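Got some structures for you, see below.
Both complexes below contain chain A, partnered by chain B and then by chain C.
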Partner chain A sequence: MYTGPLRALIDELGRLPGIGPKSAQRIAFHILKVPTEDAHRLSDAIVVVKERTTLCEQCFNVAEGGAWCAICSDDQRDGEVICVVEDPRDIVAVERTNQFHGRYHVLGGALNPLEGIGPDQLKVRELLARIDAGQIREAIVCTNPNLEGEATAMYVARLLTPLGVIVSRLASGLPVGGDLEYADELTLGRALEGRRRIEV
Partner chain B sequence: MELVNFRIFGAGLFSPEAEGTTVVTGPNGTGKTSVLEALAYLGTGRSFRGAPRESMVRTGEDRAIIRAELDNNDNPTLVEAEIVPAGRSRTQVNRKVVQGRKELSTATPCTIFSPEDLVIISGGPRGRRDLLDDTLGFLDPEGARAADVVERIQRQRAALLRQSGGKVTADVVSTLDVWDHRLAASGMTLVKARERLVRDLVEFVGPAYGRLAGSEGRALVGQHYVRSWDDDLLTALQAHRSDDLRRGVNTVGPHRDDMLLEIEGREARTHASQGEQRCLALALRIGVHQLVLSRTSVIPTLLLDDVFSELDPARSRALVAELPPGQSILTTAVPLPEGISVAHIIPIGQLVRAS
Partner chain C sequence: MSLFRDTGVVLRTYRLGEADRIIVLLTEGHGKVRAVAKGVRRTLSKFGARLEPLTHVDVLLWQGRSDLDIVNQVEVLDTFRAVREDLARLPKGLALLEVSDQMAQERHPDHRLYAMLVGALRALSDPGSDPMLLAPAFFLKALVLEGAAPVLDACAACGEPDGVVDLVAFDLVVGGALCRAHRSGRPMSPAALELSRRILGGDLAAVLAGPPPPGADEVAELATEAMEVHLDRRIRSVRSVAGL
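Right, the complex of A and B next:
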């Protein structure tokens, strides 16, 4: 249908996650319409992000220049507690709570043999090396509450507990501000399991 | 219900009566069973004929779509399924993607009777396990969930076993430990749910068989759940680990269990006549249907595929008498036995024409 540069752009956009052929076509035509400087800003942003950002050598979060990310370089952070997550995006989610002041460790995924992901493909060895270096006393495993995430959490707990690290898992339960009647049985069941005494 | 590129239908529209019996008539090979297959697919995520996905898609097309509007106790539900043999098939309920047994069965509750049901009795254990797990979808959310989870863990574990290539490294051992623990936990939940279900079914299946077979309760139906391992599942998994690694498959677990069915103390699979087996298969389906009706507010739609062709008129009438009111859809290529009241007859040709 389309040829040359337009075809190439649609194909490239279509390879992005969450973008199907129709979205790719719509975005490509949008780019075709916008002023040249806007298009340049977009392409520059893509080039710059690839040139200037790296993965933190300690926790594998996204780092901007330098070997360490902003969180690992921050002296105010509690070095004794780490939060183990699957993906750098999860750090953003935990950071938004403003309730965690330790550091992170990004595994880069979850155990998923079907997709060929085992401990070797995750940053597990690097996590153990950080534990070996001392200091870390507690690990909070914040993997996703699905089958693969739960398996990964258990795997991490079984590795770290013998090393004297306190390992905990995020609680599952009801969304704040939600309605009980809309909760699915599984979530409600978990919430019942994890109920807490009301302090009076 | 609307069909697009499903089996022989390029486009089809099917509107059965909400209450009472709708009969789909037509010669062989015109798509009567496919209509039921499409409805049942919405409720179970697979073909009740055991057909692979690609055979449900019209030749030359890359995907099939089934769309149905259901009333579900005045709770209007839009269920849409896209069947893509080469890619990811998915089902949406009210435009939200769902996949678990429970979610599918509550959105499109149905009970299917078909000549293939004979295989539940005469075939391997898989058909019997599927029957139990599908029923859990109606009755036991925790058990149904466990069935889905066990299936996924088994797939992950099998992939890990294959990848290890029989080599036992520290990584393989430590990750297998994790999957074994999860499999043992969900597996026990599933097995206990199946065992409970088998006990609950006994009081419905036996009497139903007696009435169908006209044997005045002489035929005693026995049902037992048979675990494929002894003692504790986790211990069994660990005991069979070297075997699993060598063969690259899951050799123990709920996916190897069976439900033993007996008529007068003899195993139905090997000892019963074909007539007895057919009767028992019907009794099982009726038992499930009645158990669901007695325990929940769900009224599954009855789908009867060509069942009368296999039964004598007396048994056909006994079957229909067993079926409670509600919506039922049946297909037939032969005239209906006497004494069966019908609300609506749809010749299959009417479906194909609609666009």
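Right, the complex of A and C next:
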């Protein structure tokens, strides 16, 4: 129905995750309507993010304009503690807590035997290389609390513990603001196991 | 369009949209069912960890016009926690799920496959059992269920019984064990032949109760290959985590 540049724009937008043909059409017509400067700003942002953003050579987080990311380049961070995550977006979630001041290692996914994803598809070798290089005393495994994340945590713990690294796992329990009656057995069981004494 | 209740095992899940998942269940009364669990990835979801793979659940589903049902309510029957928290048992459990997923038909109940899967997961979660032969035994039993039982008492090519000829090879494409004159596929030792017969001959409980008997490694590889030939695809959960 549409031809030329408009068709091309709709096709490209439609290739983005979660954007169907109708949404692509709506966004394309929105871009047609906005001032030219706004459209340039959007296209420049896309080009710049592709040109300047790489993966950190040390932790595989998103790095802007250098070999290392901002966290690995920061001398104030504790280099003896690393947080092992599945995805760079998980770093943002942990950073929002303001509770962790060490460095990170992004595995690039989780073990998923049903999808054929084994250790070779993850940045496990690179993690071991960082441990071999010394300095790292503790690793906190912050993979998702699902089957794949738990399997990955067990695997990482099995690799790192014999190397003298203290390996811990994020606590698992009840979400703040939730109702106890809706808690599932697995979560509630773990919450009971990981209960804490109330300090008064 | 209606609500229905069934028991089932969560075989696998796929992410859907921002916070949903598609759940694939092997149910007792409706065969393989695919359903959307809305908001399950949110930390405050009412489903929580109930719809993770390996969980045995009692589930209330809404069947609408689409192929995908909607998960309405879930209660856990068994989490098989000993399987999901043991790196040696977990790949075996996932292999059972993967093969069951491949064998089950959508909306066609298969009571024997369902009972076999639940029974195998219970056996696997028994801390006293050795998990090594459980998945291979499941594969061999599943082949019988599919009408592809391997011939083990005679040569599958010439029909000469064991004793008259020596059975020295195994090839599921031909139909099972083979004599020296017709051998193809992979070599098969007498210990592996005997163990395969015990597994399919009603002695499975005794086989699984003790330490792995002679020929166990061979039977494990042979059963996996036979199932892969039958399904015409690799069993990813066995192959991708072989080094774990």
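We adopt the following convention: the second predicted complex is superposed on the first by the 185 of 200 C-alpha atoms of A that agree within 3 Å, B and C clash if a C-alpha of one lies under 4 Å from a C-alpha of the other, contacts with A are read in each partner's own complex, and residues count from 1 in each chain.
Note that in this section a residue touches a chain if its C-beta (ideal position, glycine included) is under 8 Å from a C-beta of that chain, and two chains touch if they have at least 3 such contacts.
None of these values were measured; they are calculated from a predicted model.
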{"item": "Partner chain(s) touched by A:53 [first = chain B, second = chain C, both, neither]", "value": "neither"}
{"item": "Contacts of A:111 with chain B and chain C, given as first, second, both or neither", "value": "both"}
{"item": "Chain touching more of chain A, residue-wise (chain B, chain C)", "value": "C"}
{"item": "Touched partner set for A:43, first chain B, second chain C, both or neither", "value": "neither"}
{"item": "Contacts of A:73 with chain B and chain C, given as first, second, both or neither", "value": "neither"}
{"item": "Partner chain(s) touched by A:168 [first = chain B, second = chain C, both, neither]", "value": "neither"}
{"item": "Chain B versus chain C as contact partner of A:183, first or second or both or neither", "value": "second"}
{"item": "First, second, both or neither for A:159, with chain B first and chain C second", "value": "first"}
{"item": "First (chain B), second (chain C), both or neither touched by A:151", "value": "both"}
{"item": "Set of chain A residues, in rising order, touched by both chain B and chain C", "value": "111, 113-114, 116, 118-119, 147, 150-151, 154-155, 158, 185-186, 189"}
{"item": "Touch list for chain A against partner chain B, complex", "value": "111-114, 116, 118-120, 147-148, 150-151, 154-155, 158-159, 185-186, 189"}
{"item": "Touch list for chain A against partner chain C, complex", "value": "18, 111, 113-119, 145-147, 150-151, 154-155, 158, 175, 177-178, 182-187, 189"}
{"item": "Touching residues on chain B, where the partner in the complex is chain A", "value": "141-142, 145, 149, 152-153, 155-157, 159-160, 163, 171, 174-175, 177-179, 181-182"}
{"item": "Of chain C, residues touching chain A in the complex", "value": "12, 17-18, 43-44, 46-50, 52-54, 76, 79, 81, 84-85, 87, 90-91, 94-95, 97-98, 234, 236-237, 239-244"}
